[in-house]
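Each of the next two complexes has subunit A plus one other chain: subunit B in the first, subunit C in the second.
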Partner chain A sequence: MIWSAAKALMIRDLSLLWRRRGDALQPALFALLVVVLFALALGGEAQALAKVAAAVLWLAVLLAGLLALDTLFRGDADDGSLEQWLLAPVPLSWLVLVRTFMHWATTALPLLVATPFLAELLHLPHEQLPVLLASLALGTPLLSLLGAVVAALTVGMRRSGILIALLALPLYVPILVFGAGSVAAAGQGLDPVGALLLLGAGLVLALVLAPLAAAAAIRIALD
Partner chain B sequence: MHPVVRWFHQLGSPPYFERFAARWAPIAYIAGLLVMAYGLYGALFVVPADYQQGDSFRILYIHVPSAWMSMAAFALMALYAAIALIWRIKLCEILAMACAPVGAAFTLITLATGSIWGKPMWGTWWDWDPRLTTELILLFLYLGVIGLYNAIDDRRNASRAAGLLAIVGVALLPVIHYSVTWWNSLHQGQTISLFGTSHMDPSMLPPLWAMVIGTHLWFVGSLLARARADNLRRESGKDWVARLAEPRA
Partner chain C sequence: MSEFEPTHPPLLSARGLAFARNEQPVFGPLDFSVDAGEALLVQGDNGAGKTTLLRVLAGLLHADAGEVSIDGRAATASLRSRAVSYMGHLPALKSDLTALENLDFLCGLHGRRRGQLPGNAMAIVGLAGYEDTLVRQLSAGQKRRLSLARLWLAPSPLWLLDEPYANLDLDGINLVNRMVQAHLRDGGAALLTTHGAYAAPPVRTRMLVLGRAVANA
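What follows is the complex of A and B.
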């Protein structure tokens, strides 16, 4: 039952995405713009860029994810699908988890694929690239899961606007610190594994708790 | 029913809470003011100057109690929010939301006094040190709770959504508390302890405890006053509120 529900939801999300292919590119385009603006603001000097490359890439990914956050449940809240989720015979938190995974796969995964290219624009030292990719691979699902809680809290509002950023950013800070910190540690010749393990631990914890919290928030919003 | 249990149940009723808060909020304010006045007098005039920091350490008598209060208020808010979500007690929703602005104010005081102290001592107003950063995030969390509460039209839904955010944010409290132990930090470690020995001269301690008790009493006073106002606003359509508003014959 839960797998067939997950499959149906995934197929629906993918076909919706396919019919609006242009929208799917937006997060990657936004991250590219952030990277370009940073590079121009810093004067385009290769050495100066290399020093901040990892931090800028993490920020670009985080901000692009923040921009896409509002769409997580918005469409379903508007057309009433979210009420059907509540009535469905499968747990609400399971549907939230599947939706969050699909959202991650369609907004964060393309960014992850584009990261080596963006890193090249910022002259990121090549030996730091695997650490950056590992930290993003562990960190972006964590961002999506925490973001799901925030998006669920604001789903009852007509426009969430700046509020969604105010709610999400404090929760994102530790992920940013450890994610960008792991790459910085690798850049200084230190062991980045500790920070990556902490990100992994956070991911496991959020995988269990965040869908429950988001489901509770949806119930409150639709009450 | 046991009298204490009965009193507890009665307190959940809005008219009963109105009478309770009207009586105890001023008492908590005055008691807090008196205890803080004693503490401040002790801190400014009685306690000797520190052998290293001179007189500037005296700001600690405001900084430390409000820092503790900023975290305690968040924990209390999350506790009330959990009670409100589980047992749907309306009064706990009100109390949880009344904690937020008071806690945010204490967080702001903590950050402000810390940075005033930091300028002469560390030579900088601000440093991205773990404890300072986490305290700043705590302020943002408070602002998020307040913002979410004000953004949703339905008061009950708003307080439950904001309460859920408070419960999620509670994960930050241990990080703030242990930030000086876990990371090498510019901020000094724990020197005062409720149980066990404090690494502070005994003569410096009594005014500090007075300030701690005073801020807690003040917090209780503001919590009751704010909750009373919100309670009256939510119940404004009811007869008993209308009767309160009538001039007494």
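What follows is the complex of A and C.
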């Protein structure tokens, strides 16, 4: 039952994504624009770019995720799908987890794949690339999970875009600090593992707690 | 045990059920029960609390007082999710998916009655040939029919139908009545809200009339 519901939800999200493929590309295009414009604005100076490359990439991915956050539950709340999720014989938190995973896979994963190319554009030193990829691989799901809680909290409100940003940013700051910090540490020849482990621990914690919190928030929003 | 005595507890029963919004009573306290094979027609004017009552019974809202039991047991979320199908004002259909894709998803979510296929259900509700049409392109009445198909596929014995006749033509109203009749014959039960302008299904029916703020069962 749990797996068939998850499969149905994944197929639904993928078909929806395919039908609205123009909209779906928006976050990735946004991140691409930020990175390219940054490179242009700094004048293509390899030394200056290399210093900020990791921070710019992290910021671009984070902001792109923030941009897509409002769509996480908004559509399902507006057409009554969330009501049916609530009444379904599978736990709401499970559906929230699957939905968040699909959201991550369609907004953050493409950026993760594009990161090596964007890093090249920003002249990121090659030895820092694995650390950057590892920090993004651990950090972006964490961003999505925390974002899901915020999106669920605001799902009952109209026009909550700015509120989402305000609520999510303080939660995102530590992730950004550890994520970009791990790459910076690697750049200075220090050991980045500590920061990555902290991100990993946060991810494990969020994987368990965030769906429960988001499900509770949705129940309150629909009450 | 004599055959006049009910051998089963009622499929759904409510005792002293009341709901208030911002300290204003919306309905209740209400006492009623529905047996398997019965329909309960909830009547009342606009704003009398029909939708709220159904949402409370479905578990989307919390009652302020009273208890609901399903099959003689206190209604919990997991019991409700298996016993109750709710069709509300919002269609719960994705407009960018086709009719069949929507049904497939909702079946995956709620489970499917044995021996029933989405394609057959679409034919039953008169939507044969619209399987690959995007829901965005269906009319309001056709969307309602698609919601009815979803209901038909759901395995739950208790149907909560909020204004099932809305947007439907005469043929559609007959369709709802026929579906309710067939569902009741299979041992199910249904709650229908209506503001009273439509013909009730030709089945064993109880009435519950909601008045504004004051209810009499």
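By our rule, the second predicted complex is superposed on the first by the 223 of 223 C-alpha atoms of A that agree within 3 Å, B and C clash if a C-alpha of one lies under 4 Å from a C-alpha of the other, contacts with A are read in each partner's own complex, and residues count from 1 in each chain.
We take it that a residue touches a chain if its C-beta (ideal position, glycine included) is under 8 Å from a C-beta of that chain, and two chains touch if they have at least 3 such contacts.
Every value quoted in this text rests on a predicted model; they were computed, and no experiment measured them.
*Asks:* Considering only the touch criterion stated at the top, classify A:R21 as touching first (subunit B), second (subunit C), both, or neither.
*Replies:* Touch partners of A:R21: none, neither subunit B nor subunit C.
*Asks:* Answer with first, second, both or neither: which of subunit B and subunit C does A:M1 touch in the superposed model?
*Replies:* second
*Asks:* Does the superposition put A:G156 against subunit B (first), subunit C (second), both, or neither?
*Replies:* It touches subunit B, and subunit C stays clear.
*Asks:* Applying the touch criterion given at the start, work out whether A:R12 contacts subunit B, subunit C, both or neither, answering first, second, both or neither.
*Replies:* second
*Asks:* I'd like to know which partner A:L171 touches here: subunit B for first, subunit C for second, both or neither.
*Replies:* first
*Asks:* When the two structures are overlaid on chain A, which partner does A:A88 contact: first (subunit B), second (subunit C), both, or neither?
*Replies:* Only subunit C is touched by A:A88; subunit B is not.
*Asks:* On the superposed three-chain arrangement, identify whether subunit B or subunit C touches more subunit A residues.
*Replies:* C
*Asks:* Going by the contact rule set out at the top, does A:A216 touch subunit B (first), subunit C (second), both, or neither?
*Replies:* In the superposed model, A:A216 contacts subunit B only, not subunit C.
*Asks:* Pick out the shared contact residues on subunit A: the ones touching subunit B in one complex and subunit C in the other.
*Replies:* 223
*Asks:* Name, in rising order, each residue of subunit B that touches subunit A in their complex.
*Replies:* Against subunit A, the touching part of subunit B is residues 85, 133, 137, 140-141, 143-144, 147-148, 151-152, 157, 160-161, 164-165, 167-169, 172, 175.
*Asks:* Which residues of subunit C touch subunit A in the complex?
*Replies:* 58-62, 78, 80-82, 84-86, 88-97, 101, 104-111
*Asks:* Give every residue of subunit A touching subunit B within the complex, in rising order.
*Replies:* Subunit A reaches subunit B through residues 149-150, 153-154, 156-157, 160, 163, 166-167, 169-171, 173-174, 213, 216-217, 220-221, 223.
*Asks:* Subunit C touches which residues of subunit A in the complex?
*Replies:* Per the touch definition, subunit A meets subunit C at residues 1, 4-5, 7-9, 11-12, 15-16, 19-20, 75, 79-81, 83-90, 95, 222-223.
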